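Common to both upcoming complexes is chain A, partnered first by chain B, then by chain C.
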Partner chain A sequence: MGVVLIGPALLLLLLVFLWPMASYLWLSFHAQNLFTDLQPVPVGMLNWHRLVLDARFWQDAAQTLRFALVSVSLELGLGLAMALLLNQRWRGRGLVRSLTLLPWALPTTVMALGWRWIFNDPSGPINGVIAGLTGSTLPFLASPSLAWLAVVFADVWKTTPFVALLLLAGLQMIPADLYEALALEGGSARQALLRITLPLLRPYLLLVLLFRLAQALGVFDLIVVLTGGGPASSTESVAGYAYLNAMRFLDFGYSATVMIGMFGVLLLLGGVLLLVLRRPARA
Partner chain B sequence: MPASPSAQPIASQRGQNPRRWTLVALLLFWSLAPMLWQLYTSLRTPDALLGGLAAIGRGWTLANYGQILSSDPPFWRYLLNSTLVGVGTTLLTLLLAIPCAYALQRRGGLQRQLVDGALLVAAAFPSVLLFLALLQLARQFGLANNLLALCLPYAGLSLPLAVLLLEAAFAELPRELEESALLEGFGLWQRLRWILVPLLGPAVASTAVLVFLFSWNEFPIALTWLSRSELLTLAPAMARIAGSSVFSVPYGAFAAATVLGSVPLLLLLLVFQRPIVAGLTQGAIKG
Partner chain C sequence: MTVSSTISSTTTSAATALQLEGISRRIGARTILEDLDLTVSPGECLALLGPSGCGKSSTLRLISGLDSPDRGRILLGERDITALPPARRQVAMVFQSYALYPHLSVARNLSLGMEIRGVDAATIARDLDAVLELLQLGELRQRRPADLSGGQRQRVALARALLRRPQVFLLDEPMSNLDAQLREELRPQLRAILCGGGAPVVYVTHDQQEAMGIADRIAVLDAGRLQQCGTARELYHRPATLFVAQFIGRPQINVLQEPDGSLLAVRPEHLHAVREGGLQVRVVSREWQGASQQLQLDTARGPLRWVCDGGRSIGDAVRIAWEPQHEHRFAAGGRRLTA
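Right, the complex of A and B next:
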């Protein structure tokens, strides 16, 4: 009976998740590109040698890592602040919570187009304010040192409500009498945060951190529409590079190698984080 | 409670309220201002947009929407395609996930813990990594440029989260209820149909909305599977519009597209706010 109930779902899961990774691994030892008439030809470690020496891959990997670390840190910080605010009791809280969730629900590509106009130089509203204050404008999307920050900004705007919602769920699991007991001992609000809230929220923070980090390292949609990976590939992500190799250069073997390389980095980072952060919360 | 944030706070004696309302106002500005700016832009003529605040009294127009809706294919076509894929994906996911979650939950033990762990990893997996292999499957089986076929990978990608959410819901059902149904001579399908699924309504609803949201927003697979412009879903259509020079700067038509692309989801979120929050929250507590 169990086979009938689980079988179809399992089959689709294997097909969608496991088969691609297995096929990439196989493909990474083959050349399949325009020179081979798009037929797979075994080439041993050639793709992997190329990956190790590919400066653009490592540049993209560093850029993707920088983007993920900065935006996920900001999302956790701002999301925690937002969750603490929404966890207090005040009138209209429910309505505000739904309104703040709106950015998360919008398709990334839709709002990415919106951000392109908001960051526009010189006609966008942000530059309108900056010009009013300083008399000059900033080329947000045309300067390599600013463009990646614009991408971070747009990602933080979209994803912080999601982080806040999950942390809010964690906050609501903390029993109120813990805070009452601390208040009786004369503890301050800061002590309550450090001694009760943060330790008990730890598993939620860890879950959100790992989940968001995995998603952020796969950033693709936002960059395609907001900057197209530019200027001068300064915002290109690893996923964008894999896409470029497959769909523009029609080099499927190398694209698969890039994907496996990225998956390896992801596993390594997730494993290290789990080891470092997953100390038992209670003695 | 539908009270506006500007309403008189009840407990103003606490003294910290001015600070709180400042923070709430900041939060609302941060969340809503970018979207409101799109709405504003979409209703302005190009001259008015470049004219700044001096031009606030004139230059209001609906022409941007007219331009977007009369392009080829018209913009509503993308919304229709996305809706079709979203509904198909949601139905297929539920059809596969409900029995699977039921069987896993009733089985229990180490086996289930392992499966749940794997599902959690799959739920967090950045799905952009999968597009190339899925595209090759699509080519092999002639599934490209077929909106209903697109539901297959989407359902596969939605399954981990859906199964986890539904498993948590099944866990909360009293097992005795099922046992008494068994004594009454109900078969498995009857138990699913008459007892389990109706009682699971809320969890099914929140799972459905989350799956629909995912499907509506998915980009890399839609981008590579669909090439005929009248079949595009919203996400790749937005990317194509962003890359085209048909609509001139400054962005009036772009903004109209972002507004039209946002409205269906904003309505969905406001109507189904409760099940969405419940679903995500339960997912977090479970995980």
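Right, the complex of A and C next:
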């Protein structure tokens, strides 16, 4: 009976998730490129050997990881601050709540085009300000050390509201009388934050962390539009590299290997995070 | 030294009266409380009784500092605490919801307040053990609130209030989430634990049985105004307003319109049958209640309720009367008229 009831959901999951994953895994043991006339030919571990030795893959993996860790940390910190602020009572809160969601509602490509203009050297508005102050401009999108920060900045701008929204929902689940009880016991606002808010927000923080990490590790559209992965592939993500292999080099077998390899890294990371964070706070 | 005296020793030493002077509270155009005066002596338990929305819970919030009055003063002994934040009032409150910290065990729920106040570890351990024993919570100390029954949660909330060593105890309908039988069992225990310490106790309830069972005095509130404050006997025998007369006593007091526009009230249990004279009535319906039966009567002066022990049947014609000392007379506005 139980199997029948979850059947439809299970079928959907198999169809849209497990089946593509399985066929990609299968493809990673095949060559399917221009040399094989785009037909899959079994090659054993060849793609995997290539992946292990592929410096560009490891560079992209490190870049993607750095991007994900830095931007998700910033988003969690800023999103938490924003959620705490929006959870207080003040005039105009409703309006601000709606306004803060705007960046998140904007399509990524549109906002990435906007940021490309804002970061433009020398005619973007940021460089306009910098030129006014210092007389010179900064090559935000043309310098490897600045371009990845520009990507992080744009991503934080776009997704912090989403984090704030989820955390706000969590904050609103905390009954007000817990704070009143703590205040009557002599607790300060800081103690309320540490003793009540953060522990009770923990499941929401974990949820947001997993959500955002999974999304950030698969980052693609933002980078393609903002920097195109450049300069000198210094902002290229693993997803971008897989896309490049499949769509530019028409090497579908290796592209699948890159994707599955990254999926393995993701799985490992997610598992570790769950193990570390899911343990409930010690009673 | 007994367990309960260990917990209550500090409250006894600093016992002072709680006094509310001319407290008013408005929210927007709505009057929550109007010119409320109350005094609760050390060790006294005062029940705030009234229908929902009468201002009884608002009064607790004002005493605790979770809300501030628009006018009036709150005094603890000689000290004016009206402007003090809740954290510095040394007031403990048992919430209707109990407000236990859901992520902490019973023991941590109880010790958190002491940790925050910087109590040393040895004292925390000693007081915790004492209160756990007093309220028979020892075996539950590692449980989370979600794994406790309603009665157990209430005991944890009470234990937390005791550990605050408060100068005032506030209880906001602490029994409303418990079943009727448990409520009756707990009343004497609760009274013994609360009133032994010497701090004034303010107990909010909408249940007159509970108020009578637990409180030394009862303050009846209606629409933000104090109707009467006195012992249960005073409220029952000399209600100051028609509202109090109708609120206290079950079944509800009978009210008869007098020719001069004033109102005459007689309790259903004070009517009795007479051979001659009195009022001619007919029994319309009856409810058998074991020791007595409750009758609905039809009379020339309107319907009446009568609690009697005789075997009356529906349709019976009877003559009833009452003793003059059981009459309550009220002006049309509800004020008591008779001395």
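Simple rule for what comes next: the second predicted complex is superposed on the first by the 268 of 283 C-alpha atoms of A that agree within 3 Å, B and C clash if a C-alpha of one lies under 4 Å from a C-alpha of the other, contacts with A are read in each partner's own complex, and residues count from 1 in each chain.
Definition applied: a residue touches a chain if its C-beta (ideal position, glycine included) is under 8 Å from a C-beta of that chain, and two chains touch if they have at least 3 such contacts.
On a predicted model such as this, the values are computed, not experimentally measured, just so you know.
Enquirer: Once the two structures are overlaid on chain A, check if chain B and chain C clash or fit side by side.
Expert: Because the two structures are overlaid on the shared chain, the partners are seen to fit without clashing.
Enquirer: Taking the superposition as given, does A:Ile196 touch the first partner, chain B, the second, chain C, both, or neither?
Expert: A:Ile196 contacts chain C only, not chain B.
Enquirer: Touch check for A:Leu149: first (chain B), second (chain C), both, or neither?
Expert: neither
Enquirer: Which partner reaches more residues of chain A, chain B or chain C?
Expert: Ranking chain B and chain C by residues of chain A touched puts B first.
Enquirer: Touching A:Asp177, do we find chain B (first), chain C (second), both, or neither?
Expert: second
Enquirer: Return first, second, both or neither, reflecting whether A:Ser188 touches chain B, chain C, both chains, or no partner chain.
Expert: Touch partner of A:Ser188: chain C, not chain B.
Enquirer: So, A:Ser23: does it touch chain B (first), chain C (second), both, or neither?
Expert: A:Ser23 sits against chain B, while chain C stays out of touch.
Enquirer: Compute the least Cα distance separating chain B from chain C in the superposition and give it as a whole number of Å.
Expert: Least C-alpha distance: 12 Å.
Enquirer: Would you mind writing out the residues of chain A in touch with chain C in their complex?
Expert: 175, 177-178, 180-188, 191, 195-196, 199-200, 280-281, 283
Enquirer: Chain A touches which residues of chain B in the complex?
Expert: 1-5, 7, 9-10, 20, 23-24, 27-28, 30-32, 34-35, 37-38, 41, 49-50, 52, 96-97, 99-100, 102-104, 107, 122-137, 152-153, 155-157, 159-160, 163, 188, 213, 216-217, 219-220, 224, 234-236, 238-239, 241-243, 249-251, 254-255, 257-258, 261-262, 265-266, 268-270, 273, 276-277, 280-282, 284-285, 287
Enquirer: Could you pull out which chain A residues touch chain B in their complex?
Expert: 1-2, 4-6, 8-10, 12-13, 15-17, 19-21, 23-24, 82, 85, 88, 90-92, 94-103, 105-118, 120, 123, 125, 128, 157, 161-162, 165-166, 168-170, 172-173, 204, 207-208, 210-211, 214-215, 217-218, 220-221, 224-225, 228, 239, 242-243, 246-247, 252, 255-256, 259, 262-263, 266
Enquirer: What residues of chain C sit close enough to touch chain A in their complex?
Expert: Within the complex, chain C touches chain A at residues 64-66, 85-89, 91-93, 95, 97, 99, 101-105, 107-108, 112-113, 116-117, 142, 144, 160, 164.
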